[in-house]
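Given below, in the form of structure tokens, are the structures.
What follows is subunit A paired twice: with subunit B in the first complex and subunit C in the second.
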Partner chain A sequence: MSLQDIALMAHLMRRAGFGATYQEIHENVSDGYDHTVDHLLDPNVSDGIQQDMLRRYHPDHSGGLGTAGMAFYWLHRMVQTQTPLREKVALFWHHVFATGYGKLAQGRVLMDQVEMFRQHGFGSLKTLLIELSRDPSMIIWLDNQDNHKGAINENYGRELLELFSMGVGNYSEDDIKACAQAFTGWTVSNAKYMKMRADNDSLWPYGRLNLHFEFDEDDHDGSEMTFLNETGVFNGEEVVDIICRQPATANFISRHMYNFFVADEPPVPQWPYREPRDPEAIQILSDAYFESGYNIAEMLRVMFKSEFFKSENVRSEKVKSPAELVAGVLRLTGESRKLTPKLQGDANLLGVMGQQLLNPPSVEGWHTGTEWLDTGNLVERINYAASKFADVNKPGIKEMIGRLAADAGGVATPETLVQDCLDQMGAISLSKTSMDALLNQASKTGKSEIGTDERETDEDILGELLRLVAATPDFQRC
Partner chain B sequence: MVSTKSDRKLVVIQLSGGNDYMNTIVPYTNGLYYDNRKTVNIQPTEVLDIDGEYGFRSHMEPIKDLWGQGDVAIINGIGYPTPNRSHFRSMDIWHTALPDDIGNEGWLGRAIRELDPKGENVLTGVNFGRGLPRALAVRGVPVASVGNLETYGLFSDISDDSSRDLALETFAQMYGNANGGDAVMKFLGQTGMDALKGADILSTAPAKYSSTVEYAADPLSQSMRSVAQVLFADLGTRVFYTQHGSFDTHSGESATHQQLWMDVSAAIGDFTADLKEHGREDEVAILVFTEFGRRVKDNGSGTDHGSGGAAFVIGSSVEGGMYGEYPSLKEQDQLEGDLHYNNDFRTTYATLLEQWLGLEAAPIVNGHFEQFSLFKN
Partner chain C sequence: MQLLQISNVVRRQNKLTTTRTATDFLVYDRTLGVAAMEFRGFYYPVDLAINKEGRIYGLNRSHEGDPRGVRICMFDYDSNYFGAFGSVGEEDGQFTWATSIAIDREGLVYVSDEYTDRISIFDSEGNYLRKWGEHGDMPGQIDGPASMAFDNDDNLLISDHRNNRIQKFTKDGRYVSSFGKEGEGDGEFNLPWGVTVSSSGDLYVVDWRNDRIQRFTSDGEFKSKYCESGSDEGQLNRPASVAVDKSGHMYVADMGNDRVQVFDPDGGFVMTLEGQATVSPWAQEFLDASPTEASARYESDLRVALNARTGGTYEKRSHIEHLFWAPISVKLDLEGKIYVTDRNRHRVQVYRRV
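So, the complex of A and B:
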């Protein structure tokens, strides 16, 4: 098992999931890289989530679900799942199709949207966009219940083109109007009342009422239109079909995928003015898009197996989102292997770090890359990771220390000690600056007698070292 | 001493959850108030009279005292067009000063950028609480966010001082030397060092502080004590932010609302006493706001989300009095069962920005708004 194989697998598991433990990485390397990619994409693998337990302990998940409960639920899945790519892809679509609680005051319907991403997020983009257009939370979020025959509200039509499929500069204002026209009558049942309940954030007297899609044929404007140079009578489905045929759509979705899984791109509004970082990669993904009939899973398969994904140039290149950071730490510390109410504290911290799940700042979603970071939330991020890894009572940390001690077998040089810690924390690689600082620290503690009978000494030394690895700038990256 | 604009600080207290305006500034001489508020009301005997017509709710004595000194401006009927009764959305509107659009920049973050355009002081804006409120969030504007001033900083969980110093030393090596890396590494290094520097400077504040004022134990009082500590340490902080709540009193309002206003009044009373003890009272204006008021009618135990509310501007430099109009309680004047707002919240923002902080308000609050004359000359 070569070090290169291990480093590559660690990279895959960070990007296609939320990182992996030392054993998982080794097991996956034994299975082979391509096999691991295929396994991650296999829809028949069970996620192993205990839905029944979740509902038993958290009855709020049936009804009055707010931002706290939603974050708990989703973080629990990210930490527990045996199909991490499914959660990662759902998170990807949530980043792209950002929909927020603020305007809806309805958690259930947002969780339904995420479940829709799990279900359709790997299939054809066409199906996904149609499902998105029928999604009740999206309808309210972008005011499509106000999009009437004879009184068009362009909000959804515009964002579908601008943010969800093609990107600015690839269509005209008339196309936006036509697009919006095609979605007239795509609404929710009892729309006025439901909108009023949302505006009033109303629990009374019925609790949170779920929203349901309804196509109101009488309110649909079925007159002839010209959309992206095609003329005819188009309903929403036909418009989505035309959108999916556009090279601009292939490029835009490919760039989103690259930005989320491969390397940080500038914020979306700058895309029309700035070339992709790796135009060749975008071309490969766009080709996969058309060759597979708009199939997302096939694009992902091509991407994960491509040289541009495996390249050293993109390793640890991204800044972790708060969800990646927190879920990644928890998967390693093992403290949430069983469902525990303590996870709520971790879930709440996502908001503190700037990513309140299901409540993005706007329809543009979160700006990523270095935009995740400011002085306030960097302190939160570092303190979070560092204190978790220094807690030698957590099961995952206990196991790490046990293995570190066994490997050291009595004596360890600072070099091997630091290297072993990096391996145990998911085969992390460090910049030279960070490595030097850690070696300095490791030699300062003076003790390199690890793995003798004195468990407490091992814990002291290794706990501090794990803390500092988690505090490196490198650990903030993905 | 009259403060110059460069000395002036703005302290913002956000009442989260939607404060019940009618039970804060009580129209106790108006029969319609008791008709609508059959159970959730403040009795005339409890009210602290303001002007023979309105009064503060009970347990607001410290604010009543400040009112007596002419230091409290009550902004009545404050709000924005087309009220939204969702907590998140409404708070967002207050934070971004954009009622009709979803905005990305906080109004105070913009103000901080104007106060310190080059971002030279990482402490120009300081938030007390975890997580940055959107009001303070603007890309590239450093704002410190302090959960607890006593333990603020990196590795705050390490109790042993020498271990912590060692860890911080390693941290400084890692982040201080990160400028040799790629752009992301440089950014991480800079941000990490800013955080370290901010924490270092802030951590000196409590030690320099002494006062005879004893703040209460509730979180707001403790935050206000931290505000005082940082303010007296003269670290160049101009905007302070904190919040208290939850004011979302759908049920059991009478007890909860009373406790909340005891907390808020005591915290403000103690803080202003502290300012006076240190001769700094002329430098500070306090803005107290909430995302919306509550319904005119009670629901038997509490009140549901409404619109139109009150804000307060408090300080020795403030020209105390009633501003705006108290909205009519008559049914025909209501807006879907709520009080009708009569002055835009950006009027108050613009007033504070221009008359207090000496900034051009229009680009910060997204437009030109009439201003109050809120300050003594």
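So, the complex of A and C:
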């Protein structure tokens, strides 16, 4: 098992999931890289989430009054799932099709949208966009309940083209109108009452009422239209089909995928004016899009197995989103393996760090990359990571320390000690500055007694080193 | 005038939906409560207890993201409100994961917390008196007190669910006995939840993850078991609570199937309750005070057909207001009326025997 194989596997698990433990990385390397990619994409693997336990202990997991309980639920899934890519892809689509609590005033319908991403987020983009257009939270979020025959509301039609599929510059204002016309009559049941409840933030009399899609044929404008140079009578499904056939759509979705999984791109509004960081990679993904019949899983498979994904140039290049950071820390420390109300504190911190799940700042979603790291957020993030590793009694930390002590075999140099710590934390690599600081610390306290019978000393020394690794700027990247 | 008109519409709707069930064994009676984060009302209620005077103590668990709702609300069958007590936390008189409530012969109120593993005791007006309970798996220690019931000697039975056993304590917390262990066999449990005592003294335990009800003598000797896993009539999916009436009929909160099932004394299926909630007096007051929202409500069809996406993990009951959504507790009053705590709808639905 080479160090290169371990480093590559760690890279994959950080990008296709939320990081992995030392043990998971080694098991995956034994299975092989391509096999691991295929396993991550296998829809038949169980996520291992115990829904009955969640429903028993956490009422708001199903009740979904607000975002807090839903953020708890989603974070729990990110931490506990055995299919991390499923949660990562749901998070990806939540970034792209950003839908927020502000106009919905209920968490449940938003979490149903996320569940829809889990179910359809790996399949055909065409199916996904149709499901998105039928999604009740999206309908209310972009006012499609006000999109009527003879009085169109362009909001959804415009964003479907601008932010969800093709990008600015690839369609006309007339195309927007035609697109909106195709979605007239796509609404929710009892739209007036549901919108009023959302506007009033009403949970009365008996909690939130979930929304569901309704097609009002009488309110649908079925007259002939011209859309993206095609003329005919088009409903929403036909419009989505035309959208999916466009090279612009392939490029736009490919660039989103690259930005989320490979390397940070500038914010979406700058895309019409700035070339992709790696045009060749975008072309490879676009080709996969058409060759697979718009299949997202196949695009992901091509991406994860590509040289541009494996390249040393993109490793540890991305800034972790708050969700990636927090879920990754909790997977390592193991502190929430057993259901605990304390996880709510971690879920709430996501908002403090700038990523309140289910409540993105706008329909554009979050700006990623270094924009996660304004001064306040960076301090919050580093303090969070370091504090989580301060308690050596957490099960994941105990396991790491146990392995470190055993591997040290009685005597450890500062160099091997630090390298072992980095391996235990998910085979992460450090800048020279961070490495020097850690070696300095290891030289001061490491001595040569690791792995002896002085367990308390081991825990103190190793726990401190793990905490210092978590406090490095490098730990903020993936 | 507008308020009056709306109220009349509501009352007409309530009357229309109060229909007899097919078997004429039980009829829907009324709905109590309204969603409310503080004071009068419910916020994820998980259990209730009724004292000899008919005062009802509704236990609100709330959720981690909004701790305001944690409290016990005192009210009665006629929707009179008598105040609330308790709050979130780990200090005396506070709860983190409140799970169940029971009343002893003196009228003292006992509340269990499955996070702190404590039993807190209050007087009938909600004044905190004392607490007991210690975390652990030794005899007399507790790991997750999910449900409580007083036996005919006024000892307290606790479903000590993470220890997979039922423990008996005196009212002041002295350990008396226990039975049960983890497993699927007779007298074994998988995270038991509801426990109750019949008028004959038999103990009924909801064996949550084994999807069954087990019946024991007052000494904890296994007598019989009822039901199996599933969603058909007579089957259970993660049941939470059981109540047994004087004739031995069992009323089971079949929470995973979002329904209450009724069984005869031998376990034979009698009927299913799906929920028939109407507008409670407290809910009516809200609607009277919110005429615009009430108007939009009455123009709506809240029993609309659902499309395919609402199955499975999407939880159909999140869309349909009058049906049970996570019915978590069933309790009887002295007259035998059946009170179903409808957790995710923040209310109680009441049924009565014909």
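The working rule: the second predicted complex is superposed on the first by the 474 of 478 C-alpha atoms of A that agree within 3 Å, B and C clash if a C-alpha of one lies under 4 Å from a C-alpha of the other, contacts with A are read in each partner's own complex, and residues count from 1 in each chain.
Everything that follows uses one rule, which is that contacts are C-beta pairs under 8 Å (C-beta built on N, C-alpha and C of every residue); 3 or more make two chains touch, one makes a residue touch a chain.
Computed from a prediction, not measured in an experiment: that's the story for all the values here.
Chemist: Looking at the overlay on subunit A, is there a clash between subunit B and subunit C, or do the two fit?
Modeler: fit
Chemist: Which of the two partners, first being subunit B and second being subunit C, lies in contact with A:Phe213: first, second, both, or neither?
Modeler: In the superposition, A:Phe213 touches subunit C alone.
Chemist: Please indicate which partner A:Ser189 is in contact with in the superposed arrangement: first for subunit B, second for subunit C, both, or neither.
Modeler: A:Ser189 sits against subunit C, while subunit B stays out of touch.
Chemist: Is A:Ala471 in contact with subunit B, with subunit C, with both, or with neither (first, second, both, neither)?
Modeler: first
Chemist: Check whether A:Trp204 is in contact with subunit B, with subunit C, with both or with neither, and answer first, second, both or neither.
Modeler: both
Chemist: Could you say whether A:Pro361 touches subunit B, subunit C, both of them, or neither, answering first, second, both or neither?
Modeler: A:Pro361 sits against subunit B, while subunit C stays out of touch.
Chemist: Name the contact category of A:Asp146: first (subunit B only), second (subunit C only), both, or neither.
Modeler: Neither partner.
Chemist: For the superposed arrangement, tell me the lowest C-alpha distance between subunit B and subunit C in Å.
Modeler: When the complexes share the chain A frame, the smallest subunit B-subunit C C-alpha distance is 5 Å.
Chemist: Shared contact residues on subunit A, subunit B side and subunit C side combined as an intersection?
Modeler: The overlap between the subunit B and subunit C interfaces on subunit A comprises residues 67, 200, 202-204.
Chemist: Quick one: in the complex, what on subunit B touches subunit A?
Modeler: Checking each residue of subunit B against subunit A gives 84-89, 92, 102-104, 122, 127, 130-132, 134, 137, 139, 142-145, 153-158, 163, 166-167, 170-171, 173-175, 177-178, 180-181, 183-185, 187-189, 191-192, 194-195, 198-199, 250, 299, 304-305.
Chemist: Spell out the part of subunit A that touches subunit C in their complex, as residue ranges.
Modeler: Listed in rising order, the residues of subunit A that touch subunit C are 51-52, 55-60, 62-69, 71-72, 108, 112, 115-116, 134, 189-190, 192-193, 196-197, 200, 202-214, 341, 343-344, 347-348.
Chemist: Quick one: which bits of subunit A touch subunit B in the complex? Just the residue numbers, please.
Modeler: 67, 100-103, 105, 198-204, 264, 317, 319, 351-354, 359, 361-364, 367, 369-371, 373-380, 382-383, 386-387, 390, 431, 433-434, 436-438, 440-441, 444, 464, 467-468, 471-473, 476-477
Chemist: Spell out the residues on subunit C that touch subunit A in their complex, using ranges where they run on.
Modeler: 34-35, 44, 46, 61-66, 96-97, 115, 193, 208-209, 238, 240, 255-256, 277, 279-280, 282-283, 286-287, 290, 292-293, 296-297, 299-302, 304, 306-307, 309-310, 313-315, 318-319, 321, 325-326, 343-347
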